[in-house]
Amino acid sequence: ASPSAPKIRVGVLKFGTVNWELDTIKHNKFDAANGIEVEVVYFAGEDATNVAMLAGDLDVIVSDWLWVSRQRSEGEDLTLAPYSTAVGAIMVKNVSPIRGIPDLVGKKIGVAGGSLDKSWLLIQGLARRDHGIDLGKEGDVVFGAPPLLSEKALSGELDAVLNFWHFCARLEANGFRRLIGADDAAKALGASGPVSALGYVFREKWADENPDAAMSFVKASAQAKKLLDESDAEWRRLAPVVRAEGGELEVLRDRYREGIPKRPLAEEERDAAKLYEILAELGGEKLVGEARQMAPGTFWAALKT
Amino acid sequence: MQPAGAAAPLKVDIDEKTFRSAEGVTIVALRGLSFEVRQGEFACLLGPSGCGKTTTLRILLGLDRQFSGSYQLPEGGSKRIAAVFQEPVLLPWRTVEQNIRLALPPRLRDKDLDWLFDILGLSAMRSLYPSELSLGLARRAALARAFATEPAILFLDEPFASLDERTADKLRRLLMTVWAARPTTALMVTHNLREALLLADRIVVLSPRPAHVLGIFDVGLPRHLREAPSLDHLVSEFHKRFSDTV
Amino acid sequence: MQPAGAAAPLKVDIDEKTFRSAEGVTIVALRGLSFEVRQGEFACLLGPSGCGKTTTLRILLGLDRQFSGSYQLPEGGSKRIAAVFQEPVLLPWRTVEQNIRLALPPRLRDKDLDWLFDILGLSAMRSLYPSELSLGLARRAALARAFATEPAILFLDEPFASLDERTADKLRRLLMTVWAARPTTALMVTHNLREALLLADRIVVLSPRPAHVLGIFDVGLPRHLREAPSLDHLVSEFHKRFSDTV
Amino acid sequence: MTAEFGPDNARPSPRRARMVSRGSGVALPAASAAASLLALCLLWGLAAGMWPSRAFPPPLEVWRVLLKEAASGDLGFHLAMTLWRVAAAYVVAMVVGSVLGVLLGMHRRADSFFNPWLVLFLNLPALVVIVLAYIWFGLTEAAAIGAVAVNKIPNVVVTMREGARALEPRYAEMATVYRLGPLDQIRHVLVPQLQPYFAAASRSGIALIWKIVLVVELLGRSSGVGFQIYLYFQIFDVAAILAYTLAFVAIMLAIELLLVQPLERHATRWRRRSA
Amino acid sequence: MTAEFGPDNARPSPRRARMVSRGSGVALPAASAAASLLALCLLWGLAAGMWPSRAFPPPLEVWRVLLKEAASGDLGFHLAMTLWRVAAAYVVAMVVGSVLGVLLGMHRRADSFFNPWLVLFLNLPALVVIVLAYIWFGLTEAAAIGAVAVNKIPNVVVTMREGARALEPRYAEMATVYRLGPLDQIRHVLVPQLQPYFAAASRSGIALIWKIVLVVELLGRSSGVGFQIYLYFQIFDVAAILAYTLAFVAIMLAIELLLVQPLERHATRWRRRSA
């Protein structure tokens, strides 16, 4: 990068999935090619990146659109550019007798991310609509930290686990299968296609002041995604960053590729708004605050043209 | 070993007792200290300040085991020991009365102690905490504790210091009563020669540190005859024998 | 207010001092206690145990402000006060020597104290901690502390209790030397009448609690004449005046 | 340590002091606590007014959230769950920690052997203990409480050990001479001397336990204040976080003022009050 | 409290006791610490052998990870960052906490006013303080250390306050009478009496601070042991978590054995050793 290239501070989890993409950008110098310099700041937890963003320490983080919408409706000028549509899923062991949602009744289900997790709400909504089952009450639900729940699923203490997508992918490589994904639930509840659960989040003010830099960053990201979509060699290079090998790496690779957003932004935004209403219904004020509609501008307007 | 029931004496035979101070100074407190007190006898330890009297009592009380030599406590009925320490050592978080009752064996805990409080002038102080007592009152409470336990062996370390003469006299009489009421072997440290001559059967005179026995003074006179003039006589007799020490 | 340099006395005028114990008992320690000690005079307080002597000293030392009445300290050069408490009150975490030097005003901290340690028999104990002293030695250390400060006012609460006669005598002489060396007003509590008659210019005799002054005994005799026979005479004279009290 | 009334007053004017009556019933502490809380709220309100920020809501907003959560019953439920866990872990940690601490403080040999273990357990991060507990004993209540207790025990041990080391030997000697039974020795000699250490371990203990309970609930429980706080943290609702926190603090404060302080005043009434 | 040699021996046989030489140099503590650590490792190895689990790796595996992380320089870097934060927060918390604690312990009136504030700060979850600090002061080192100190100060206050309450008034009175200067009073009268409380606050203090530093690093730092531990937690690499933990514990242990214990032995040498 030339010394005058605008610097963009991106906060990520060091072992998180976003870092795979950023590492690809840095390694292949996609940032320099687009006239920017990406500075990666590592954090140990997702909440840490959120705090850092609100504390004004970073230009870009990755978070979900629901969070962005809620922050927007409370006055923060955050906005987002789609990053990935990959979402969590309920996983059960290959040999498990659980075949569908009704089989979950009375089973011990681990749920990562707490009772207001988006995936959990959607799957609950589906269960209620299609099967008349209140999973929250009729299942033996345990909330907990994602790595702990994964471990507990492996050891057999949990009958099923709803976890974030990369935990699911690793489970898949270790004898688990998907029972139902949050994307399936979203579609069943009315979404027309995959919605980016996660996006690059930044302040509108920053984007307005640095429109080229912001746009260049999105471009660099797209280039990296393209490379990751097409090159298995790049994945082999990434293996130490991903901390996976063999079958596990392949599953992670495939799921990652499936999660690359491909739809026009306007479509995604429309589906997101629809999902928001559903979620507002399911999660209530606790989840969304007082706003019953997704905050306008949650998706970065500049990408629509 | 003596046949049970025989009157075994209190026998002290300490070769040496050495302290090592925290700063590394070595202090020989006792060397070659040996004496006997017959059962039921009242003995006094007399010796200069810092010579090792308290150290001797602590060894006999079993509170200090790091010495060379041996000792033997007199055989008696209850083997109950009572001690009046040189400082009162009352539990500050218990009232005077609680402090005294606590020292009693459980079966005596509810015993009537009014007479004792009365004699000691503590009746009004039963519910006070030790920090609310004058030093003299605290000493009296410590004496009350020792007397109340009806001991078979009684160790007293300057029990009547910091008391006015009148009170001290009253308490000496009380001590005699308690001691005479049952077969009690008593060993008392004092700096007051007249007191020793008034109370003791024998006086063990100690040398300056390291303490050993300089001589033993047997007070032949029966106690009821130890009035002022004969006491004066005893004092001068004592001074004749231990002219250069006390 | 007196003109500067004039010999203002130590004036005590306490209407009442009442304690309320933790258990709610009210104890009147002093009532209508008033006496004077002229500047440079040596006075003794004599009174039964628990009457309120220590309480009086504590008030004069400024340690207890909850009383009604007033007092006035004598005017003097340095106004430096020294006190020997009834218990030694040495800092357990400092050696004997450190304890003594700490009490000195900074300019005197490095003063030569060998003579003092010598007289008090503490030379071998300079580096010991208070818990390694016998009670008598600890008292001597507390005395050394008071004497070393060259005070203008000296308060002593039974300084010679738990010392053998020989040591006590030596220390009494030392006290006289210290007191005479500079204009010092001294007030000493004691239970020992002979000691009081030997040392004091006047003896303030107190009643049992609540303490008030029963009478004042002026010892007319010059100090160098207070030998055994004339002391005996003083004792009987004192007893004649205060027949029913001491 | 205040020497304000030392005898160093230069003017030889007569000193006068009037008797002061000591009226220390229950009214005074209550009034002072109320004044204190009011002052705190005022300060908070002022600060929140001066630097308005979503991360620092004013007291009234927190109060509103508190009422809402209380009305919905959530507050009561989660608070009760947390309190029960705190109480259980507290009892376990104080009992085990006090016994171990006193034993170590009294036995120099054992202490020098077990001290490295103590340092290890003292410095094991809560995360490690909690995760191991959940892994071994399952995602159960017992594992949660046990993990919290294990986190706190070393702290209690360290404090009580200092207390045991500072014991006055004369009282133990008196007890030996007068042959006090073991129970009497503990009750009348040991416990009163350890009281200040126990009070210190206890106060900072409850606080530490509650903080660890929060982590435990975050990592593997489905109820409790910690669970709720984390939930609200994810949507960055600081007012709700503070509402839950303050509800717990209020209960602690009530226990402190109504139970602990009167008890403590009673237990230490023997101490000479400074004039 | 052991009355093993009370005078209650029923047999009137002569009692004998030999003088015991007290050789307590440095060799003994070192040997005992080594034996202790060895025993711990053995126990751990045995347990890990009996219940093999990914969550409970044997000591050798942890040792291997430790060496690897050390060789890569990561361990050294993160450890240094954490140690510096712990040290800074420790100094701040102990100084501020001790001063406040002693003042509150001595002034009953101030204490009863500020006690509710203390209870509040004592029970504020670390999370709340840390997030507020980061939001207000940015993700800076100062905010991190300040947040940790604020978490720890109330604990120090509570312990030192107990110490100040238990002060022996006679020593202060002696100091007043002999007009010791303020510095002398603090150094010779106050500090020695508070030493056991300081030791307790200090030991459990370092441990608590390190635990909060872990959280601080998790929530907003890009270095330090806490950062690493949490990273490894996400991929559930318990061996690495333990390696980092034990590296810190080892340093604490070294400080304890080489610095704190000799100092403490020196500071408390005046205590009458029980025979």
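Note that the chains are named A, B, C, D and E in the order they appear, and that numbering of residues resets to 1 at the start of each chain.
What we mean here is this: contacts are C-beta pairs under 8 Å (C-beta built on N, C-alpha and C of every residue); 3 or more make two chains touch, one makes a residue touch a chain.
Going by UniProt, the chains are B, C = ABC transporter ATP-binding protein.
As the structure is a prediction and not an experimental result, all values here were calculated from the model.
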Chain by chain, through touching neighbours only, how many steps does the shortest route from subunit A to subunit B take?
2
If you walk touching chains, what's the least steps from subunit A to subunit C?
2
Is the contact between subunit D and subunit E built from the same residue numbers on each copy (over half shared) or from different ones (under half shared)?
same
In degrees and to the nearest 5, what turn takes the CA positions of subunit B onto those of subunit C?
180
Counting C-beta pairs in contact, which two chains come out on top?
D-E
Taking each chain's mean CA coordinate, subunit D and subunit E are separated, in whole Å, by 17
What's the distance between the Cα centroids of subunit C and subunit D, rounded to whole Å?
47
Centroid spacing, where centroids are CA-atom means, of subunit A and subunit E in whole angstrom:
41
Multi-chain touching residues of subunit C, meaning two or more other chains, are 22-23, 61-63, 81, 87, 129, 132
Listing for subunit E: what residues touch at least two other chains?
5-8, 55, 131, 135, 176-177, 179, 189, 226, 230, 233, 269-272
What residues in subunit A touch two or more of the other chains?
47, 54, 145, 148, 151
The subunit A residues in contact with subunit D across the complex are 47, 50, 54, 67, 70-71, 74-76, 113-116, 141-145, 148, 151-152, 155, 157, 286-287, 289
In the complex, subunit E residues that touch subunit C
170-171, 173-174, 176-181, 184, 188-189, 192, 267, 269-272
Within their complex, subunit B touches subunit C through residues 19, 21-23, 25, 27, 47-50, 53-55, 86-87, 95, 121, 124, 127-129, 132-137, 140, 158, 161-168, 191, 193, 246
Would you pull the subunit C residues touching subunit E in the complex into a rising list?
61-63, 80-83, 85, 87, 89, 91-94, 98, 102-103, 105-106, 129-132, 145, 149
Subunit A touches which residues of subunit E in the complex?
54-55, 131, 134-135, 138-139, 217-222, 226-228, 230-231, 233-236
